[in-house]
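By written order: A, B, C and D. Residues from 1 in each chain.
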Amino acid sequence: MARRGRFRPRRVPSRTGDRNVTGILVLQSVISGLMIGAIYGLLGVGFSLVWGAMKVINIAHAAFAVLGAYLAYFLLKAFGVDPVLGFFVILPFLFFGGMVVYRFLIFPVMRARDIVVSSMVLTFGCAIVIENFISLIGSPDPRVFTTRYTGRAFFLGPFAFQWPQTVGALMALAGMAVLYVFLKKTHTGKALRASWQQPEAARLYGINLRRISMIAFGLAVASAGLGGIAMGFVYSFDPHTHNLWLIYIFLVVILGGVGNVLGTALAGLLIGLLNGLSLAFFPYQWVNVITFGMLILILLVRPAGLFRSEV
Amino acid sequence: MKPYLKSLLFLAVAGAFALPWLSPPVYFVSLLFVVFMYVVLAESWVLIGGFAGYLSFGHGAFLGIGAYTTALLMNHFHLSPLYVLVSALPAGAAAACVAAVIGYPALRLRGPYFALITLCFAFVMELAVKNLDFLGGPEGLWLKAMGIEVGLARGIFFEVMLVLMLVTVLVVRRVESSRFGAGLKAIKEDEEVAQTLCVDTPRVKLSAFILSAFFPGVAGGLYAYYLSYIHPETVFNIDISILIVLMALFGGGSSYVGPIVGAISLSLVNELLSAFLKAEYARVIYGLLFVVLILYLPDGVISFFRGRKSGAG
Amino acid sequence: MKGLKATLILILTAAMILMGSGLSMAAKPILIGGSLPLTGKFAETAKWIARGYRYWAEEINKKGGLLGRPVKFIIYDDESNATKAVTYAEKAITVDKVDLLFGGYPGTAARAVMPVAEKYKMVYVSMGGHMKSFSQGYTYSFGGPPLMGEWWYLGFMDWMKTIPKKDRPKRAAVFTMNNPIGASLLDSMKTLEKDLGIKIVINEKYNLPLPDATPLIMKAKQMKCDILFSNGFFADGVMTMRAAKALNYNPKAIVQGVGSVIPAWTKELGKDGDYVFSGTALHNKLKFPGNKKLNEVVKKRWGLPAYPVYFGFGYCWMQTLQQGVEGAKSLDQTKIRDWLKSHEVHTIAGNFRFDKRGLPKPYNYLTQVIDGRVELIWPLSVRTHDPVYPKPHWK
Amino acid sequence: MLRVSDLTVFHGHLMALQGLSLYLEEGEMVTVIGSNGAGKSTLLNTLSGLVSPRSGSIRFEEREVAGMSPEEICGLGIVQVPEGRKLFAGMTVLENLEMGAYLPGARRRFRREVERVFEKFPRLKDRRHQVAGTLSGGEQQMLAIARAMVALPRILMLDEPSLGLSPLMAEEIYGVIRDLNRDGMTILLVSQEVHVALAMASRGYVLENGRIVREGEGKALLRDPGIRSAYLGI
């Protein structure tokens, strides 16, 4: 009890008599930190895509993620569909939903003097609507995914890999890989990159910016849904949760360089790593302070994010 | 300004000053106290966020710093609560000092990076205060209750907040038309060009940032007494920071009128919606309001009054 | 800019008139007002409290009302925001001129409203959450029953004393959320070392949201802690449980703070949520009159097997207030207060006598989740199920 | 082949082109010269559909193209090499070419076309996996032209192709343009380099403040004393 509230460096307990204990603990923290970081990365990639391609800051991105998690939850509860499979069911809904949102809400705002600012206010409104819509249709109760593999883990040496986290991280990695391949290898993906590097030239060669942006937005929403499901494997969620996720998304994206998919993914991992390391070395109550403090330092040293903003 | 408008405005201000003494339900006094506080916050924010284009997402933290400074001063020196009127000034000064420390390095960052660093700053402040027991830690701080009747106390603080609001508005208005303001706007347009035009950009930005932290600090001092119990989750809440930005942008962030319109209209609309609709419906409509506003007036409410058509760029 | 100011002033005046007049019409029923976090972070708890309030009103109106007058609730949504909670409390008091103020949730909002209630001299029966707010010298605030962090584990500690020393856990891992409720839960941990001889090996606080529970559990496992205190809410509690299961960490007992008493715990976690100990200040299986009927009502309306704890809290606070009013035979707040401080009230949570601070004698029940149901374990007189101890290993 | 008549274009409240008329026959190389701000780029952007005209008509082989989207116009074969090249700087040479052949028609013939283009610009072939932003100025201009070539142009419009290039490099680019014309490509060349442009082109138009002030055969315009004094400083 004496320790309550006082800041003291953590001592390695002598009773256990095993020096490796802390080493394992550090690595364990880093492993699970990295897995969670991968999910932040995926959430960030979609956000980054929209920001880079159309200068829209989509505050509702995390709300779409929560929506995805809820849809998957509904499928799981009502039909016993595993959330991983459930994603493929809801993917078209999210994709087309995103396209509709772009066409009727985002596109008309493109005429604003300051798209960044106007889109922020607009999507903030969207986020509130989505949050309370979920709350109305469902209820504000917190939810978690419960599948056959929740609360199970496999061990590699002394390190535990919780299945839900692992599945979430794998989903995130797969999602990021798909997005990366889409942008780098497919015709439409290349057109998307072209249109955000040189919108005018892109139009000259027949690229329809509105259609391309619509697809990009649909993809971003779909990836948010996937990220939301992955988050649902790690954290419980309620309609309000998106506020919190958004802050992490914001961090990851800016750290990784806006529009830089690879950078965003790496930044996600980095934040996971920072989190894991500080969990291992400092009192838990200081973890977030230290993570955010380190981010401030990183930003001050590298004022334009860690990675070059390229596409 | 047309003369009849001028007199109308004068009447409104005079009416506001008289309000607490016409024995209205105290709720109105309290509600307007909070609304005025938001006007102060959004108005100060415009100095750096609107004029200079540096979107600060951590401005709520200065409110918290002010609130905690006052609470600590009052509790430590056992001052009579009426001294809060004096102690609010150190609160503003404390916020300004923190702004100087944070702003010096942070203002080297541009665009989203500045937004992020201020967001992180607000976050760290909330968590750090929660973790430090000498600041009350997770328990928060209680302020000694006023020895006077509630209505009277609310009335006094209302008047002070009203004065603070007027001062803030006048200062921001003055800045807008000054050389200083022109420098800020030049920075927003193009910082490199501003530099070549002999604007000492680092100094101008920092001064604006410090000034924009001072008023929220003072407001925080008053706010602490309004609540009489403060907690990091209440006064350092990141939602306040975001609400400030939205209020300013909702009204239109590039002039001193925007935040007044934004803060007042958003607060009152929210209040009205909650009064007449079921909770979630009220929130849904509140959200739709932002969507519809931006669809029809992409540049904020004041663009409607100015009749300015957007899309020139 | 020109027409703007005039428009603004118009809107302002219109808003004032609307807000002022719209809601304070009929004076006949007894008005009970205040705010609850119906949206936002704490929405899920508040929803059940509001249902408890409304059901109480329904019941009493059927019986002919309070002091012969029907009762009516005015519940504002404070959006889980303490500032709004304060404004709405004042709105209820000064605009709606409510006859009675109802209690709110959660910790920080209730803490901010308590001074308001005191200033306006309105009796305020709420959960409080922690001793600190009851030691500020407020005379109109009551915890009837309170949800006191400091008392939360009283039942557990008492029961643990009945376990032979050799069977008791030896080493405790304590993880506590860093907020008012966490801090007051932590307060009660003193008893562990002093009275029970359980050594606290790990004592960590964390800020919500908990980023990751894996390292916590890993550490507890490696340091061979055989009892785990997870002093948190639902979200972090779930993560901790899941990590404990995944890492196959098998302490003799897991004690969870506030999260495990809400319905979502058993509903969402299923089997994984079993055997967790916690406390409560009221329970749907207590023998005090009224509980049975409430359970039936909740079963019929919302299809739950028994009433959720926050439904009970809402109902119970109103019971306390009702008895105060009926005892004082008046709506005079000071009379109600004085009556409550000098008489015993009878509620679904038990019979209370309030002390100077507005609190009953320290008490709390020990609960354990067994087969997806929250069962009462201690005191023996209310036991509904034998405790499962030590906790069976994870399957 | 292309007949522009009475074209009027506004930028906001400013009139950028007024009552402009010109025509282009198949296989011709026509140049539009004029000083900075005369409206040359506006003209090309209007023809490309980026800017829509207030009034007037643009007929391409008996079809009205004024008011069509850039996508449709590009599909018809009116292709522009924009001023300042506007390459997709973060993408490789090959990807830039793929984007030139974005539309389905061009895409189907991409393989064959890209071989032809590489034959013409062997240097691009060597660097096809290099990121466009890292090419030299001359190579970038070649890539810009190549990117337009794979879009299957029937009229190739070039906006200041020699901008920012060394004289030697500029000469090489003009050589390429002459070759293209000789192979039968219809070319509309917009340039401030009046001498070179007029010498190359079969016909020329002089644009001043949004109006055509003179037109005629390239050689004839070169000899025109007014033009000589205004644009050639002689």
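FYI, a residue touches a chain if its C-beta (ideal position, glycine included) is under 8 Å from a C-beta of that chain, and two chains touch if they have at least 3 such contacts.
Values in this document were obtained by computation on a predicted structure and should not be read as measured data.
*Asks:* Going by the stated contact rule, which chains contact subunit A and subunit C alike?
*Replies:* B
*Asks:* Kindly work out which chain lies most centrally, taking the average of its C-alpha atoms as its position.
*Replies:* Here the chain at the core of the arrangement is A.
*Asks:* Comparing centres built from CA atoms, which chain ends up most distant from subunit C?
*Replies:* The chain farthest from subunit C, judged by C-alpha centres, is D.
*Asks:* Report the inter-centroid distance (CA atoms only) between subunit C and subunit D in whole Å.
*Replies:* Chain centroid spacing, subunit C to subunit D, equals 75 Å.
*Asks:* Just curious, how far off is subunit C from subunit B if you go by their C-alpha centres, in Å?
*Replies:* 34
*Asks:* Could you work out how far the Cα centre of subunit B sits from that of subunit D, in whole Å?
*Replies:* Each chain's C-alpha centroid was found; their separation is 54 Å.
*Asks:* Determine the centre-to-centre distance between subunit A and subunit D, using the mean Cα coordinates as centres, and give it in whole Å.
*Replies:* The mean C-alpha positions of subunit A and subunit D differ by 44 Å.
*Asks:* Quick one: which residues in subunit A touch 2 or more of the other chains?
*Replies:* Residues 5, 132, 135, 285, 288.
*Asks:* Could you say which residues in subunit B touch two or more other chains, in rising order?
*Replies:* Those would be 127, 130-131, 137, 239, 280, 283, 312.
*Asks:* So which stretches of subunit D touch two or more other chains?
*Replies:* As it turns out, subunit D has no residue touching two or more other chains.
*Asks:* With chains as vertices joined when they touch, what's the shape: line, ring, star, complete or other?
*Replies:* The chain contacts form none of line, ring, star or complete graph.
*Asks:* For this structure, give each pair of chains that are touching.
*Replies:* Here the touching chain pairs work out to A-B, A-C, A-D, B-C.
*Asks:* Which residues of subunit A touch subunit D once you look at their complex with the stated criterion?
*Replies:* 187, 190-191, 193-194, 197-198, 200-208, 310-311
*Asks:* Give the list of subunit C residues in touch with subunit B in this complex.
*Replies:* Against subunit B, subunit C makes touches at 1-9, 11-12, 15-16, 18-20, 22-23, 38-39, 76-77, 79, 81-83, 86-87, 90-91, 93-95, 108, 111-112, 114-115, 118-120, 130, 132, 136, 178-180, 182-183, 205, 207.
*Asks:* Which residues of subunit A touch subunit B once you look at their complex with the stated criterion?
*Replies:* 5-6, 105, 108-109, 111-114, 117-122, 124-129, 131-133, 135-136, 243, 247, 250-251, 254-255, 258, 285-286, 288-289, 292-293, 295-296, 299-300, 303-305
*Asks:* Hey, which residues of subunit C end up touching subunit A in the complex?
*Replies:* 39-41, 43-44, 47, 80, 175, 178, 186, 189-190, 193, 200-201, 203-207, 209, 211-212, 214-216, 218-219, 222-224, 234-235, 238-239, 241-243, 245-248, 263-264, 267-270, 272, 394
*Asks:* Quick check on the complex: what are the subunit B residues that touch subunit C?
*Replies:* So the residues of subunit B touching subunit C come out as 1-2, 5, 8-9, 12, 25-28, 30-31, 34, 127, 130-131, 137-140, 142, 145, 150, 226-229, 231, 233-234, 237, 239, 257, 260-261, 264-265, 268, 271-272, 274-276, 279-280, 282-283, 302, 305-306.
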